[in-house]
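Below is a structure I'd like to ask you about.
Note that the chains take the letters A, B, C and D in the order they are written out, and that residue 1 is the start of every chain.
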Amino acid sequence: MKRARLYQQLAPEAREQIGLSVINRVICALILLASLTAILETEPTLRDRAPGLFMALETLFVALFTAEYSLRLYAVGEDPRYRGLKGRLRYIFSFWALVDLIAILPYFLGFLSHNNAFLLRLLRLTRMLRLARLGRFSQAWSALADALKSRSHELWLSAGVAGLLLLFSSCCLYVVEAAAQPEAFGSVPRALWWSIATLTTVGYGDVTPMTALGKLFAGLTAVAGIGLIAMPTGILAAAFSDEFQNKRGK
Amino acid sequence: MKRARLYQQLAPEAREQIGLSVINRVICALILLASLTAILETEPTLRDRAPGLFMALETLFVALFTAEYSLRLYAVGEDPRYRGLKGRLRYIFSFWALVDLIAILPYFLGFLSHNNAFLLRLLRLTRMLRLARLGRFSQAWSALADALKSRSHELWLSAGVAGLLLLFSSCCLYVVEAAAQPEAFGSVPRALWWSIATLTTVGYGDVTPMTALGKLFAGLTAVAGIGLIAMPTGILAAAFSDEFQNKRGK
Amino acid sequence: MKRARLYQQLAPEAREQIGLSVINRVICALILLASLTAILETEPTLRDRAPGLFMALETLFVALFTAEYSLRLYAVGEDPRYRGLKGRLRYIFSFWALVDLIAILPYFLGFLSHNNAFLLRLLRLTRMLRLARLGRFSQAWSALADALKSRSHELWLSAGVAGLLLLFSSCCLYVVEAAAQPEAFGSVPRALWWSIATLTTVGYGDVTPMTALGKLFAGLTAVAGIGLIAMPTGILAAAFSDEFQNKRGK
Amino acid sequence: MKRARLYQQLAPEAREQIGLSVINRVICALILLASLTAILETEPTLRDRAPGLFMALETLFVALFTAEYSLRLYAVGEDPRYRGLKGRLRYIFSFWALVDLIAILPYFLGFLSHNNAFLLRLLRLTRMLRLARLGRFSQAWSALADALKSRSHELWLSAGVAGLLLLFSSCCLYVVEAAAQPEAFGSVPRALWWSIATLTTVGYGDVTPMTALGKLFAGLTAVAGIGLIAMPTGILAAAFSDEFQNKRGK
């Protein structure tokens, strides 16, 4: 009886009510806190001020996540698929259980001394996605995903056109500007850096064409960049409009 | 009789006709002028040229707003909720009356000597929102607000995806660029500055990746930035389209 | 008989067929050429290479436009409103006739020696708008204008919100950054320059916040900038969608 | 019998099944690889490391494309239009056959020693467009093309307005900034470079106005830039929405 209630609390799939259970909300908050700690720890000025604090916090979070992992492993027995020792092993190697494990294992293996271990810790954030997909956001999630899927061909096509445009524009600038600025436009891959910054209208300005012809092509690229934004936006708007009307019609 | 007419003129809610009354229009103009004065006063070259002028203008505006406040306090007696001394006290502590008070009180308390007092003065601008919500714009306001509310889940979801993207991109650049540019990419919070400028396609260019791998990730981030713009735009477009058709259907 | 045919050719309103008449097409081309000449003449390296050429071209264009103006003045007699001497005077002071006159008068008054006379010459471009509004583009023009008009309240409202956002963001950065960068953020009007470049996602990068708090507010401003683009785009998309369906329904 | 099957495999138009044949997929992959090689070869650091490798790869690709060309020339005899010697000649001078030829001819003519020969090699990429237009993407392609065509007048009109805006803004900045920055704003064509970077919200920041009036006009231009993005995006969104509903209605 007790395990059944625990399972209901832990496994979002098993829940009848809409929204996350209290335990899962607490876990969400913990994940956010743990990720925030991992992010702040990368800042040297903060780490040097309180080196012990970050280590203590990490130990605390790992202890809590280990407890959560054990509870999940225990409670999952409610699911017929994961019953018994064999079932538990199958659960351990299921996708989300592995993600859960990756979030705590590095700590025990002593990987944390390594500088990039925080990447493993941030993997915990992906666990939020799993939770977010349930409860109140599940309908919104499926509406957006359905809209994207129904127009995937149009979106891929506009991505393909954008790719050709990107290549074409960087080839043009390579031909025109290579002599004037060999460092920035001396090859097509180098010109790509400028090209992508212009087509996406980011425009860092660290590299800009200097010749008159280069500026002409750059202007055309910038104008094409508006099309590059307008195209997928228009497709998405139409797809969402369709999807919302479909959903309401049902 | 006279108080009733004054109340009709001052309280936009009490008005039957569409649009703002003459008094409220004058007050709107005064708010704009007072805010403009407060903004221009922050500019040292202007302040030094005519220090007395700005002080005189502020005194004039505060006098007018004090008169307005007194009139409102007198006229609000028409509203059964705010009748009598107890009612007036309740009115004084209502949200919009407090905003009105904050706009004039600092002057009398002598806060204006403080440099940031202009922030309090700009609070007056929020009073325009209250007026704008009425009259001719009320329908447009509710249409936009309803559309935003009806798709709030989709918008929050895309905000969440954008947040993860932001974090993911700054983590990538921290890992790749930290060694080459410790000042700009030496920690995830530092990399966030670059990341947000790129994902929103602002692209200041004060910080740009230098390694080939960093540029690759930066390019992917810039492309993802287009999705970040296209997603909410598409959702809003579909929501507005729905809303406008609903409104007409009624 | 002859004047009637000339009037049919010159006045786009009088035409029954769709599209521009041959004469008006020639005039359009002349306007474009004259404007291009005026633009290129501003470039010192080009002007110095052939100073006589530009003067000669301008004389030619003015001669042709004077001929056109005289012909229009003669042919407009077909219109009952502009018949007789009094009618002609009324025509001369009508809006488009004045625009036509402004395009040629400065030449005869010897204003061309002045450096900014090219602005008057570029006014000729506005004449193209008048022609473009007719013929094939008239339907597209009215569809776009109707859509903009039908949602003008929503558009003004989002412009108002954008304006408040702009002000709010520049006030925040003035408070936070004024001490660190008095030159760029020393007053609200100065901070506005940064603020508008960020909110519109232009992002020149000539001025960027340096303090941690300033960067935080800047990041929020940049994110708000996406809303600033998404809002009017969504409204326009919905308005156009409505308009196109209306037009087809008829 | 054999030639008929080969033709079915090679000519995408002749295929009954949806999607590309195995041969055409292999050719697509080869085109991508050959283009990637051509792009990477422009990078001096890579070319100098393995100069023989790139030459060998190019020889291999040209050999394969020559074989493909010969096979197509042989198989096209299945098409009644291109039967016999005269038909083959007609095929050779058809558009896509010429594109195929241009992809291999420069190699045999020894043009590859020239630096810009890679442009000819990248022409091969356009061959992918021909293949992409078939199979699975054909419906998406026609949907997007139809939507663009049905609203071409509105799109041209907004392009025209954008063009006038561009001109107007660069004229304003030329008048205002020419004295302060003759290098960047000394003529309208020069100011155009700044103007296009601002209106498309790219914002390199290599050239920015310095005078107060220049900054005012620049701010207005940046705001107009949002309209420049919102306008075509809105038109496209409405056009796609229309098109998708039409397609489903059928």
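Keep in mind that, in the parts below, a residue touches a chain if its C-beta (ideal position, glycine included) is under 8 Å from a C-beta of that chain, and two chains touch if they have at least 3 such contacts.
Chain-to-protein mapping (UniProt): A, B, C, D = Voltage-gated potassium channel.
If you're wondering where the values come from, they're calculated on a predicted model, not measured in any experiment.
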Among the chains here, which has the CA centroid at the largest distance from subunit B's centroid? D
Contact tally winner between A-C and A-B is A-B
Just how far, in Å, is the C-alpha centre of subunit B from the one of subunit A? 30
Just give me the whole-number Å value for how far the CA centre of subunit A lies from that of subunit C. 43
Pull out every residue in subunit B that's touching 2 or more other chains. 201-205, 229, 233-235, 237, 239, 241
Over in the complex, which subunit A residues touch subunit D? Could you list them? 151, 153-154, 156-158, 160, 164, 167-168, 171, 174-175, 186-190, 198, 201-205, 208, 215, 219, 222-223, 225-227, 229-231, 233-235, 237-239, 241-242
Which subunit C residues qualify as touching subunit A in the complex? 201-205, 233-234, 237, 241
Subunit A residues within the subunit B interface of the complex: 35, 39-40, 42-44, 116, 118-119, 122, 125, 129, 132, 136-137, 139-141, 143-144, 192-193, 196-197, 200-206, 228-229, 232-233, 235-237, 239-241, 243-245
